[in-house]
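Next up, some structures in structure tokens.
Shared between the two complexes below is chain A, which pairs with chain B and chain C, respectively.
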Partner chain A sequence: MTRYIIRRLLWGVALLVIVCAVTFVLFRVLPTGNPAILRAGRDPQPKLVKEIERVLGLNKPLLVQFWNYLKEVFLHFNLGYSYATSQSVRSLIAERLPATLSLTLGAAVLWIVAGLGVGIISALRRHSLADRVAMGISLVLISAPEFWLGLIFLYVFASDIGQFKILPGAGSYVGITSDPWKWFTSLIMPWIVLASGSAAVYARLMRASLSETMREDYIRTARAKGLAERQVVRHGVRAAINPLITLFGLEVGVLLGGAVLVETVFNIPGIGRLNYQAIQSSNFPVTQGTVLLAAMFVIVANIVVDIAYAYLDPRVRYQ
Partner chain B sequence: MRSIRTVAAVTLAALAALVLGACGSSTSGSGTAASGAGAGVISTGGFQTPTTESLSGKRGGTLQVLDETEFENLDPGVAYYSLDYQVVFATQRPLYSHKPGSTEPTPDTASGAPEISADNKTVTVHLKEGIHFSPPVNREVTSEDVAYAIERGANPNVANPYFQSYFEAIEGAPKADGGPIKGIETPNKHEIIFHLTEPKGQLVADALVLPLTAAVPQEYAEKYDKNKPSDYVDYQVATGPYMLKNDSAGKVLGVGYVPGKSATLVRNPNWNPATDFRPAYLNEIDIKIGGTKTIIGRQVLEGTNVVENELPVQSIIKLAAEHYKSQLEISPGAGSHYIAINNKVGPFSNINLRKALWAALDRTALDKARGGELVTNVATHFIYPTIPGFVQAGGLKGLQVDYNEHPEGDTAIAEKYIKLAGYPSGKYTGGKTLQVVGASNAPEKEDAEIVNQALEKLGFTTKLTLVEQSTMYSKYCGVPKEEIDVCPSVAWGDDFPDPQTVLDITFNGKFINAISNNNWGQTNVPKINAAMTAAEDVVGIGARATAWAKIDNELVEDAAAIPFDWDKDPNIEGNDVHGVGDIWNEGDWDYDYTSLK
Partner chain C sequence: MVFPSEDGVVRAVDGITYEVHGGRTLGIVGESGSGKTVSSLTTLGLTRREGARISGRIVFEGKDLLTLGEEELRAVRGNDIAMIFQDPLSSLHPLYRVGRQLVETVRAHGDVSKQQARQRAIELLGLVGIPDPARRVDSFPHEFSGGMRQRAMIAMALANEPKLLIADEPTTALDVTVQAQILALMERLQRELGMAIVMITHDLGVVAEMADEIAVMYAGRIVERASAARIFAAPEHPYTWGLLKSIPRLDGPREAELVPIPGTPPSLISPPSGCHFHPRCPYSQPEHERVDPALEPLAGEPGHQVACLLQADVRARLWRRLAAGGTPAQALAEVGQQGERA
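On to the complex of A and B.
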């Protein structure tokens, strides 16, 4: 197992280098990619553009720029400096990460609890009214874009523009350390909106997976042995949940890289918005840093998922 | 384009004549009603405008500002866009500034009008006494601080975006790199003299309203300016009534400005109201960055102590116009849009085909796509309302030529010019497929589609490409070698009160660049070039207005491009806010005059 984890980590590092290279190339071939021209105002004189390129180090050959960047990232964990504010990308990310963590982890708890709960009930009461209603709602939630759902929630529940002014609206987010209660209430709507689609997917997947599992021979055997239905269901759930773990790991990993839409609608200053703003202004170091962070989260999440598999399913053993 | 700086220019007298009436169509009004430089009759539908706002207010309170967009750069030596200007002009005092409803420069750090020598090659400015920097610098501002502020504009680490355009006539400026410039003399603490190598005194004097001229203390800023790029912005000190909140060491970053999140302006304890014309009613301005304009618009219209400082989305403008009338301000003179057509190569190198397209085009449809009369006027020429020369160039109606007379389009006139171009059928039969490149965002996408339809009606085969707006400029329309035939929606606004800043860079052949070219149509008419070069040296607002208006007419006669929209700029405020907009800054709220009711 240890060897497996080490091997996966090494592959993860290799993958990060590849992500670095792809982002670098993509950014450079994108039409808006010369930040020197953008920085030089609307009537940029060639002399000024060249000076800015020199200051930003953009005048060096691309390979040299890339090599320097890799060295800084992997040897010094230095992600460079924002072209716009000259602030270190590492500190920008550190500033934004708590908001994204708060949003993602809270929503993840919500969609796991709601999704699995509804899925289990639906699977155990197939074709009942509750099952039909739950599956109907889940279809609506899967179809509803986060952005639209966020606007609806704000128009209905936000304390400033809502019809029922019961929850803090857009732009109300504060850090957990400055005001825990305000932090909590400001995230209720974003959590629900971010979790709703995933919860619906999980509910449907869990229903299908558990329904199938509950028809397996070993479940019938367990019942025949006289096990309490609650214990039978527990065995069933443990087997049925495996496919969802992969999905959960990937989804959390991706969201930790930034939930752009929800962060935008609710004006939460997280990684997603940082990346979006950086792309808009061709702020390459920030884009690269946030993409790298997102890739890292996905890779780590994958490794965690694989380890979790082994724990949940004794049949799985890694070499 | 909102991000393009708009600093319009007219005299106070002219602005008094700038009747922002509530009646009549903006396109049907008398374009020659006002006689002052830059005056015109612009309907703003009865909504408040910067020129009619009361400047009195109640002291105290905190204003909340909601902006979806992040600042570009708040360093006075770098700032160039209207959003940044709102903060910069509340915290910094250039040599000259504007009052909200005026585009006439008012001495700010300067004590009086600039003195331009008879040969137009020396500009002398005297400074006020008693202006102090905010903490931690605290000392009095001197002429050396103004000199350093301008000199650092040439420092590659600062890289001011307009230094080369407006200050290169200063002796030694072309080779400046941040050190002393020979042509900037400071004979005493309160006098600064600019020695020029060309007779461009008027242009340099006009440009002293730009924030680059706001004093910067060298002994404090120099160490930050040595960094690549300069990070003085994160430690900046103020001379205006407000300052970005900082810590005891002067650090602003993370204290008064958190990138992507917020900016906080507090009172500058060293500001002396006796030296300033600004009332500075508010105690604090809290700017929140991010969110979406749809939500922000609702938060402002239904909120208190709050304003939005950007162009609201169309649905919000409509909502405000219908249900929150007193909370909507409409400002004219917010720039212009036109269709760039390739004068150099392709079918439109033929002047008659350019005139045919002008005649055929339904410019009212283009304006409707942008939101109609509430936010636009149909353009008939290039110098737009509030800019000196607008009236002299024909006012609202523009030059009376047949292809300019029917904004809704006239097929018969279009056919006439196509025939004159050598196509007897009245349709283009040259076989060339036109490259049309537009922006994919609204309303530029609609602009492109309308123009494309007009081209097809004239018989052209087109290849329409829609790309992201900055890509349209940086990869296609701004790169002559791409040989784009038509760019359906390009935008321009002035940098400061002078028609030269509207016409010169965009139509003078000498400014055609291989990259980032702003003369999108590659207009290069020797006669017009010569007229522009001559007009650059003209002294006096009236004389310059006349000279540039004549050039404007020549551009219309040449159908160098097709103007279709003079922008107006709507802004919204909470119901207990007395917002005062700046006409010289696209009508954006002025923190120095805005107050809470």
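On to the complex of A and C.
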């Protein structure tokens, strides 16, 4: 088991290097704009542009730039400095991490609770009205992009532009330490919007998985033993949940991708919006830092899921 | 008992009657799809949720189980009446420890602490012959062998000392040597606990030693019922003959061939007219396609009932020839000649 974990962690590091390389190539070979020109003012002088390129290290060969970047990241945990403000990317990320964690962790809780809850009810009352309505809504939510859903929510519920002014709208986010209640209410809509897609996927998967396990022989055994129906369902859920756990790691990635859009729509000062702004202004170090962080989250989530799986399914043993 | 299905209405079990008393064993024998399992699941109310229409009575200690509410029936299941199934691997929850599955059975029917229930679980595993039960109680089902799993299933069924144990093909998924062990175990436990057993099987060999009485089922009906000794010594129904001729016997003539029953069990959605067995019966007469035989006691043998349209003396002569090692065709030819002579 220990050897397995070590191997997985080494693979994770290798994956991070690959992610670095891909983002490096994506943004420098196919850049959204030349950062030196963007910084050189309204009427850029070629000399000034050259000078800025030298300062930012953009004049060196690409491979040298990549090597220097990797060295800084993996040896000094230094993600570079923002082209726009010269702040270190590490401190930029640290500043915005609480907002993103508030958003994603809350959404993850909502995703799992709502997804599994709806899935279980649907599976136990298959073809009922509740099941049909739930599955219909889930199909809509899976199909709806976060930015669209976010705008709809703002249009309907936001206290400034909404038709029913019940929830704080875009730009109302405050840190949990400064005002917990305002923090909570300002995140209700972002949580719902961010969780909806994953929750809908989970609801549908749970419905399918539980419908299947409820036909298993061991469910018949549980009934034949005289267990209460509630316990019988617990037997089913325990077995039905395993295939969904494998997907958890992947859904974390989807969730982080969605966070970029949700933070942008709701104007939440998190890593997602940082990433969005960095892409728009060709701020390579910030883009790479945020992408790397997200990749790390996904890789760690997947390793945790695989290790957890060995405990959740005793038949699985890793070598 | 009638089920709706995608292809039509399934008449899974039709007009069957049997009874079993404490300390005795009833064997229900028939091919796959003859309604053996459905009738036993119905006893425990486990077919209720599938939209089945059930009529009749299932009387257990004076109570009609069909009229009980779900909660009353739950109190009977696993407590007064327990059941074990064919495939012990799929019948045990793969992700729960064996001990936990035993503990919850004990606790479902009594106000027992977790510690006490665990002690009881260890005791039960010892009772069914699992070595080192105090350690194996924490094993998962996949860590058990097939025989041990079925022992664990039996332990679970016995957790609350049921008065009736329904065993649905308990040995079919097991090796032959393990089969014998499991049957011996069930016999020993029956002696010790005095429970009644209904043993459902397609294998006459399995019930030969254990059953006191045997009911042979075909297409959702009982076609013959008698004491086990009578079924093996003087069977009356051509289907029972077919079952007997299709298993090897040590005491029969060595050169006797095994004769399979031709054809397949009929659809229960549109069963054959008349005697349901007539399409596969080598001795059927044209009128058997129209007349539906009733299960009636034999003259002079009230404990032996059969549903067959053949004349009693014809049946006796046919079986004599078959028992001596003849094929159905030979038996038919001989009886036919005798019939002409007579």
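Throughout what follows, the second predicted complex is superposed on the first by the 309 of 319 C-alpha atoms of A that agree within 3 Å, B and C clash if a C-alpha of one lies under 4 Å from a C-alpha of the other, contacts with A are read in each partner's own complex, and residues count from 1 in each chain.
Criterion: a residue touches a chain if its C-beta (ideal position, glycine included) is under 8 Å from a C-beta of that chain, and two chains touch if they have at least 3 such contacts.
Bear in mind the structure is a predicted one, so any value in this text is a computation, not a measurement.
When both complexes are superposed on chain A, chain B and chain C fit side by side without a clash.
Shared-chain residue A:127: touches no atom of chain B or chain C. Using the contact criterion defined above for the overlaid structures, shared-chain residue A:231 touches chain C, although it does not reach chain B. Of the two partner chains placed by the overlay, only chain C lies in contact with A:220; chain B stays clear of it. Look at A:312: by the touch rule set out above, it reaches chain C but stays clear of chain B.
Looking at the shared chain after the overlay, A:264 reaches chain B, while chain C stays out of its contact range. In the superposition on chain A, contact is made by A:87 with chain B only, not with chain C.
Legend: residue contacts after superposition of the two complexes on their common chain; A:239 is shown touching chain C, with no touch to chain B.
Of the two partner chains placed by the overlay, only chain B lies in contact with A:46; chain C stays clear of it.
Shortest separation of chain B and chain C in the overlay equals 48 Å (C-alpha atoms, whole Å).
Within the complex formed with chain A, the chain B residues making contact are 4-5, 66, 70, 72-73, 80, 156-157, 159, 161-165, 227-231, 233-234, 253, 258-261, 288, 290-292, 294-296, 298-299, 302-303, 467-468, 470-471, 474-475, 505, 511, 513-516, 518. Across the interface of their complex, chain C is touched by residues 216-218, 220-229, 231, 235, 238-239, 242, 312-315 of chain A. Residues 31-32, 34, 37-49, 51-52, 54-56, 82-87, 92, 95-96, 151, 154-155, 160-161, 169-171, 264-267, 269, 273-274, 277, 281 of chain A touch chain B in their complex.
Residue ranges on chain C touching chain A, taken from their complex, read 41, 44, 46, 70, 74-79, 82-83, 85, 87, 90-96, 104-105, 108-109, 140, 142, 153, 156, 159.
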